[in-house]
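First chain A sits with chain B, and in the next complex the same chain sits with chain C.
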Partner chain A sequence: MIDARIGVAVRAPASDALHAALSRLAERCSVVALSDGGPFDAVVRTSPAGREYAERTVLWVEDAADVPDDPHAVALLAPPAVARALRGTVDLPVVALGPAAVHRRARPIMPFTRSRIRRARGLVGPAVARHLGGTWTWDGAVLEPQAGPTAAGLAAVVVADDDASAVLGAAWSAPVVAPRDVAERTGLPLAASDDPEAEVERLLADETAAAVLARSCRRAFELDHDPDAAVAHLADILVLRPGRPWETGYAAPLDRLGTPPDARIRDRAHAAIHVLRSR
Partner chain B sequence: MTLPAEISPEATSRLLPAPAAGSTPPPRADTRHAPAPAGVRTRAKHAAKAVLKPVYQRVMAPVTRSVDTLARRLEDVQQRLDHLEGRQAATAPARVDRALLSEQVQANTINQSLLKAEFGDVLRRFDDLGMAIAPATGIDGAATRLAEQREQLASLDRRLRLLDERVARLQAGGATAAEPTTPSTPVPAATPARASDVPGFDYVGFERRFRGDPDEVLRIQRERYVPLLADHGPVVDIGCGRGELLSALAEVGTEGIGVEPEPGMAAEARARGLRVEETDAVTFLRQCEPGSLGAIFSAHVVEHVELDYLLEFIHLASSRLRPGGLFVAETPNPASLVVLGNSYILDPTHVRPLHPSLMAFLCENAGFHDVRLNFYSPAESYHLPAVDHDLGEVASAVDSGFRRLNDVLFGAQEYTVVARVGEAPAA
Partner chain C sequence: MDVLVCGAQVPFVSGGAELHMHNIVRAMQEAGHRSELVHLPTAWEKDRLFDAPLAWRMLPLDADVVVATNFPSYFARHDHKVVWLFHQHRGAYDAIDAAWSDLGTDDEALEVQRQLTQWDTVALEEARHVFTTSHVVADRLARYNGLAGEALYHPPPLADELHPGEMGDYVFTPTRLETNKRPDRIVDAMRHVRSGVRAVVAGRGSMAADLAASVERQDLGDRVELAGFVPDAELVDRYAGALGVIYAPFDEDYGYVTLQAFLAGKPVITSHDAGGVLEWVEDGVTGYVTDGTAEGLADAVERLAADRDNAAAMGEEGRRRARELSWQRVVERLLSA
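Up next, the complex of A and B:
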């Protein structure tokens, strides 16, 4: 949740995509009609305000080829596919909202952490998880369907053949190898080659490449498939206070990264905060 | 535990290969550290630990219990918060629908106001159109008015054909058709002359008593007519009196000519530096060049002349005004019965009351375009009171009846006909 009051200034009937995006926003903050009266932290509009003075605008864009010019716009809001087309072509930050949140329990587990957990759990082998034809396998052995998240969370490489499994792997920050069409639809990084097995061999041999791919996959998930991350990004753009005051500091980010409760890094982070606040 | 359940040891065990029948399970990875070789320092450390451990356990037990309790409470609070957030999230689509609906209602309200304004503008233009076609009755009488004009055109057409036939007969050497005689206006019967020792009617004194405060009368005249006439010089003021209106027009730079038959008043007007012709309206207009005047104004003059004089006055006005010129005549409104039965008959010099429709008709017949009627000074002090419509249907009917009576009995006490000469056709 964020402590924000977002106004809606949409006069024409809202499209399904816009309704979905606004619903995601309303799940995480207060969304009201502009005619209810301010103050507003931002106003979602589908067309420029057309006035000399207006509130900060988050401009909804459904067609990447038709981006209105609004001097009050601080960010663009778009469905994920349009947001991907807009990024890099406009000067404003782009926030993707629309589909409901998935894999909310997923945490980014980076390759080095994965290998340590695998060693601790006694999982030997290349640790390649594959989702092919609706079935998950681990180093060739068929898994139960409910083992998919576990495989995505611990595999050295995830090979996915559809959008759902690719997004699952990205949510757990796994290095995901997916066909070109799946990668383009989901916004994941494209593989270096069209041969998935060759790509798997390359990633198993190059830890750095695997780590870079893992980070990119997780980033793509946060940009296009995680409403919580998208709304948090919007809160950063609008410079808003966090909805839960106790989430300031490093505790929440360390929790999200899966840091053990007794890890020394928590003590170091707490000390750093204490030093910063005492100045 | 901060690690999610999906990578707990129980979940991870689903990834381990099932052991084959009769085979020994694969060895678990040994995570314990190999013991360090014992030395003096290590033995000292172990000894200190052995001594301190019970103390530590006694001290930390209650602290650990408190921490555990706090952790459980925090978890409870977190669960309740998650539950509340979940409920709020569940209502998100409904809240979005409500916000969108509010904005749609707001947009519809604005559109409705804009439509009302447009509709009002259309109605106003309809009224203007109606007044242009039928000044006395507005749009309601436009059909009748247009029918009259069609009949006039037909009549003109018949007269032209008759003239053509006469010309043809004359050219053929036929007998001249007898000229149809036009009916003349009836001549009033001769009245005996007034005796020489009886003074004439003191009109100045009569006006002073009955017409009201002269300054107020002049103020109203300036308010009504200076803006209308300012751009239509030269303005001829028929019956200009002492020239107050012409002086007001001169102040705004509009040239004026006064026509005043009364020598005393004409002299007073000339004393203001105004040009004044000491004659009557028709004589003056006959001498003017056609199309040389900007406007011809008269206030309470036309009801003092006979019909033939009035007809010639209006026709001369039409020909002496330039294209776009104005003919403005103010006169009492006999359609308001309080005027007809009171102020009109009070003045013995009034010749005939001139109904607004009649004046409009005469102007149109003389060739004026865009003839408008403006009504002033309703006799509000006589009005029957308004009845509150909220009292019911009977009250509404009574109020409607009173309004009609007010219009008929105590309506505008005077009106002005404003007629415009048409613009010259493009070459």
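Up next, the complex of A and C:
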């Protein structure tokens, strides 16, 4: 949860896309109608306020070709596809919200770590995971469907032919090779060539290229497919700091770093807080 | 502007990184800014590895700009954070298989390495810009974290004092006497040198006793001088009077010795796997790049001895290149990011 109070001042009826975005926001912070009264850390609006308000505006945009000019806007909020079209064309930061969270248990595993895990597990071979025609394979051997996430998390390269498997690979920080239409729909980086097997060979031979692609894929996932990351990004834009650190402790900064719930550092931080509170 | 320079401090250890941090502060002050150094202790063992990064996250850093340097100081949070990366925790990356790294391939260590990679990536991506001390450091950042860094070179310590001198009868190596610096190869090389050129190795470290024993065992007492700690004034003189400098560490981040040698007008003999040193030593132009073996290093020493005019010319080219470095340019670049 983000310690933020977001006001909403939008024209009714709200579109499905706006409703989805506000739902994602409400799952992660306090979202209230403007009429409930401030103070607000920001106000989501569908059109410029018209007069100056004390609160910062987050402007909702559903058409990349029609961005209202609002001098009080500190960020734009949009569905993922629109957000992708906006980025790089506007001076304001763009936050994508809409679809519900997916792959919440995925942990980013970069290629160097993957190679060490495979070494520890005795997994030899190129380690190329492919999702083609609804079937996962590992170096040509067919896998059970439920092995998809494991393959996405350990493979040196993931070849995906549909949106779901491409996003799964990106969630695990795999270097994902996908067709152009899949990449454009999901926001994943486009492959260097239209020949997937040639791209696989290139990535297997160049660990730096694989790492750069892996990070780009994971970044695309965080930008467009991970509402937790999107709302954290919004919190950064609004320069929100934990309002009650004596209550939240180290939780917020640990969450911001992507620390798993069972990480030992959480226990150490909790123990440190406990020592400070003891009488 | 108010500029805070952030760096990690391993208690009771002071070397190039610590000196570099102080030099950044001084350069900022000389450029007219208020600048101070913020130090936090750190620990490298995997059980305490995340303590200091988390502590950096919680610090209030009231300044216009924060310049973060080595791990884990770049975990500091600031709206205008610039990273000038000395190095990450190498024991989790390129040196993970070294004897001193405690990150093996058990499940716990694998998860620690994975988590540190993620933490590093989040912290570094927050920066307005990531500079690195060399292309070697930038290459590691790309290879392990998939992130881009811009190499930003700086002058070495004693830049204003170093000066050329005669092309003397010894090759000089000032270095910590540690395994990664490979001073033993220099001692072994002298067994193959027939021209009468001597070697002077200055510095302290864990290999001191072994090196002394090796000199005695190989009967090289008349050809190898282990000078121990050398104060700055003597260091400048030793550089000035050398025929050349041997500096062949393993995968160095940057390599002050290289630039100090160049500023003294001396060519540098190095090894093919010396890392950042190779961004400066151009084979046959500013020195020699060898295979790093005792025979290879010795051959390069003999080549210097056989053609002192060429040795001087290579040293002069190195000096020309090194003199292009300036702290003023560094400050401008850091603060314009």
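Basically, the second predicted complex is superposed on the first by the 240 of 279 C-alpha atoms of A that agree within 3 Å, B and C clash if a C-alpha of one lies under 4 Å from a C-alpha of the other, contacts with A are read in each partner's own complex, and residues count from 1 in each chain.
Quick note on the criterion: a contact is a pair of C-beta atoms (placed from the backbone, for glycine too) under 8 Å apart; a residue touches a chain by one contact, two chains touch by 3 or more.
A quick note: this is a predicted structure, and the numbers were derived from the prediction, not measured.
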Looking at A:141 after the superposition, I want to know if it touches chain B, chain C, both of them or none. Which is it: first, second, both, neither? first
Spot which of chain B and chain C makes contact with more residues of chain A, would you? B
Given the touch rule stated above, what does A:110 touch, chain B (first), chain C (second), both, or neither? second
Is A:120 touching the first partner chain B, the second partner chain C, both, or neither of them? both
Where does A:239 make contact in the superposed view: on chain B (first), on chain C (second), on both, or on neither? second
Of the partners chain B and chain C, which touch A:213 in the superposed model: first, second, both, neither? second
Is A:260 touching the first partner chain B, the second partner chain C, both, or neither of them? both
Where on chain A do the contacts with chain B and the contacts with chain C coincide? 107, 109, 117, 119-120, 258-260
Chain A partner, complex, touching residues on chain B are 1-7, 9, 11-17, 26, 28-29, 31, 85, 88-89, 92-93, 95-107
Spell out the residues on chain A that touch chain B in their complex, using ranges where they run on. 1, 8-11, 13-14, 19, 22-28, 31-36, 105-107, 109, 117, 119-124, 138, 141, 143-144, 146-147, 149-151, 153-154, 255, 258-261
Which of the residues in chain C come into contact with chain A in the complex? 47, 50-51, 54, 57-58, 77, 79, 93, 96, 105-107, 110, 113-115, 117-119, 121-123, 139, 142-147
Partner chain C, residues of chain A touching it in the complex: 107-110, 112-113, 116-117, 119-120, 207-208, 211-216, 239, 250, 253-254, 256-260, 263-265, 268-269
